[in-house]
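Encoded as structure tokens, the structure appears first; notes follow it.
Labels run A, B and C following the written order; every chain starts at residue 1.
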Amino acid sequence: MAAVEIPRDEQAFLEYVKSGGQVETTDPIPEDYRAKLIKFIEMHGNSELMGVLPEREWILRAPTLQRKLALTAKVQDEVGHAQLIYRVVEDLGKPREQCLADLVDGKAKFHNVFHYPTKTWGDVGVIAWLVDAAAIISQKALLKCSYAPYARIMKKICWEESFHILHGRDVILAMVTGTPEQFELVQEALDRWWGPLMQFHGNPIPKDEDPMYLWRIKSQGNEEARQQFLDGYVPQIRELGLTVPDPRLRKRDDGVWEYTEPDWAELKHVVTGHGPKTEERLAFRRRFLEQEQWVRDAVLAA
Amino acid sequence: MNEQALLGLADDELVLGWRDSEWTGIAPMLEEDVAFSSIAQNEIGHARAVYELIVGPEGDADALAFDRALSEYHCAPLVELHLLEWAHTIARRWLYEVADEIRITALKDDSDPAVAGLAAKIDREEAYHRMHAEMWHERLRDEPRFQKAVEELWPYALGILPAELRGELVARVGHADVDAIERETHTDELAPLWEEMTMVRRSAPAGAQW
Amino acid sequence: MSQPVWEVFRKERRGQPFEHAGSVVAPDADFAEAWAREQYGRRGESVALWLVPRDAIRDVEDWADEFDLKYRRVDGYSIKARLKEARERAGTAGPG
């Protein structure tokens, strides 16, 4: 049987990936596809790495040994994901050092949720339960990515993320069945995180106008992902006696969720580097990147 | 081993695990970040196992770990130091592993079979920590900043062990026998660590579930 | 690429083959081992690993297929029609 011929013509390549075709590192791919792929995957890696910072403060403050271990393991996974992801980007042609330099210089993006502060242990639960849930929906839509190396690491990533949601739910359940003050901690955290959660999957650009969908980098449109999140998690939130802070949120008879339109300008403002914690976190990362350069020089310089 | 010495071991592992977990997300390379985090988790795991041994099956290991007053902790000064710089961190890891191996080896012969058994389990997991520390030690031994860090931390390392075991540490590390920085006085770095470590727990009444 | 890449193969359970799992960037086999152990084993997901420097791997990707060598492949055999005929002759053909 002849090997699969990857089409050289961009239109034919588009048809190829649209019908489920995949490519490997050594296959010829259109420049536009390569560029979009790098940008998308790099943003994912950056997000995993930046997501560590809001959570690591709480490792140090975890109120039981078990929670400390579970949270450390969760954050460790995020770093591990960053490693997997940057390796894929590197094999596509952009070195890890360049990705990290662009990140700390504010030249590269990462997801909105990691630009916000964490204020209480309630945030720890909400992030592990709901932010990770929103992320896992996006990540499942990458399992059939046309770029096979990325699709393959998504399998490991999704498997590890499932532990995070369990942990998050457990943290939340302990608090909502604890003292009234602990319940309030969760509600208050939910009130603050709902806005960013609703923005997480991106503005509702139609699938057939979304290059990521057309190139089959992801297999789901933004609005579809958001609807899936609401469908799965609003009932879970409400059954605990928590209130979703959107009075307009309701599920229509046709199954579609209606909600207050998220502030898309705010989303754009935040992901372009103007979130409440962006500067501080990038500076923190830059500080350690610079401080430990000598280690990389000592170890990796052959 | 008496209970205070056992608590000293557990507190060393708890505080060092706490310090090592500060590197989560900011280690020099991502692969090391992941590996280092496992070591930190193992240390906390060892602390937990020893606390559980001390409190018994009906006891509350978290209460023992977190609800004591500052002066009731028995950790050694070496683990309290805030060393968010890689040469010092690895120097501490390496010195601690050599000292701890001596301590754990002695503990494997403890008259209490539960203690001896736990020491054997810890020892088997520590084998990987030693490999890791030795690997970094090999790679950095000629780096001036690493050598300087080992020099600075050496008196503290001696303080990990009771006097009768220090000779062995001197022999293994090859540094001069100097005065140890002893376990009984805490550094002023422990108080802020304790503050942060217990702030969430103290925010709820004792016995609140988390 | 300037950095030394090590390919990681993992065996999930005893009796299973090694499968390619990913790669780590490491200066030597000791570092590659220390790091791959955790990245591919901390959750008990592997019972064994093989670590191979990327340039030790020889990549083989194409075969000649100029002549119709159907006899070497499963799709080269079409027995349905003849089997039907044989069954009819033997009177063992089932309904429909």
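Convention: a residue touches a chain if its C-beta (ideal position, glycine included) is under 8 Å from a C-beta of that chain, and two chains touch if they have at least 3 such contacts.
Values in this document were obtained by computation on a predicted structure and should not be read as measured data.
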Using only Cα atoms to place each chain's centre, name the chain farthest from subunit C.
B
A-C or B-C, whichever has more C-beta pairs in contact:
A-C
Central subunit by CA centre of mass proxy
A
Subunit A-subunit B separation of Cα centroids, rounded to whole Å
34
Rounded Å distance between subunit A and subunit C, as computed from the means of their C-alpha atoms:
31
Using the average of all C-alpha atoms in each chain as its centre, how far is it in Å between subunit B and subunit C?
44
Contacts with two or more other chains occur in subunit B at residues 29, 31, 34, 37-38, 139
Pull out every residue in subunit A that's touching 2 or more other chains.
73, 76, 80, 83, 96, 299-300
Going by the touch rule set out above, which residues of subunit C reach two or more other chains?
24-25, 27, 31, 39, 42
List the residues on subunit A that touch subunit B in their complex, please.
49, 52-53, 56, 58-69, 72-73, 75-76, 78-80, 82-83, 86, 96, 121, 171, 174-175, 177-179, 181-182, 284-285, 288, 291-292, 294-296, 298-300
Using the touch definition from the top, list the residues of subunit A that touch subunit C in their complex.
1-3, 26, 73, 76, 80, 83-84, 87, 90, 95-96, 153, 156, 160, 163, 299-300, 302
Which residues of subunit B touch subunit A in their complex?
18, 21-22, 24-31, 33-34, 37-38, 40-41, 44-45, 47-48, 51, 61-62, 65-66, 85-86, 139-140, 143, 145, 196-197, 199-201, 203-205, 208-210
Please give the residue numbers of subunit B that touch subunit C in the complex, ascending.
29, 31-32, 34-35, 37-38, 128, 131-132, 135, 139
Which bits of subunit C are touching subunit B when the two form their complex?
24-27, 30-31, 34-35, 37-39, 42
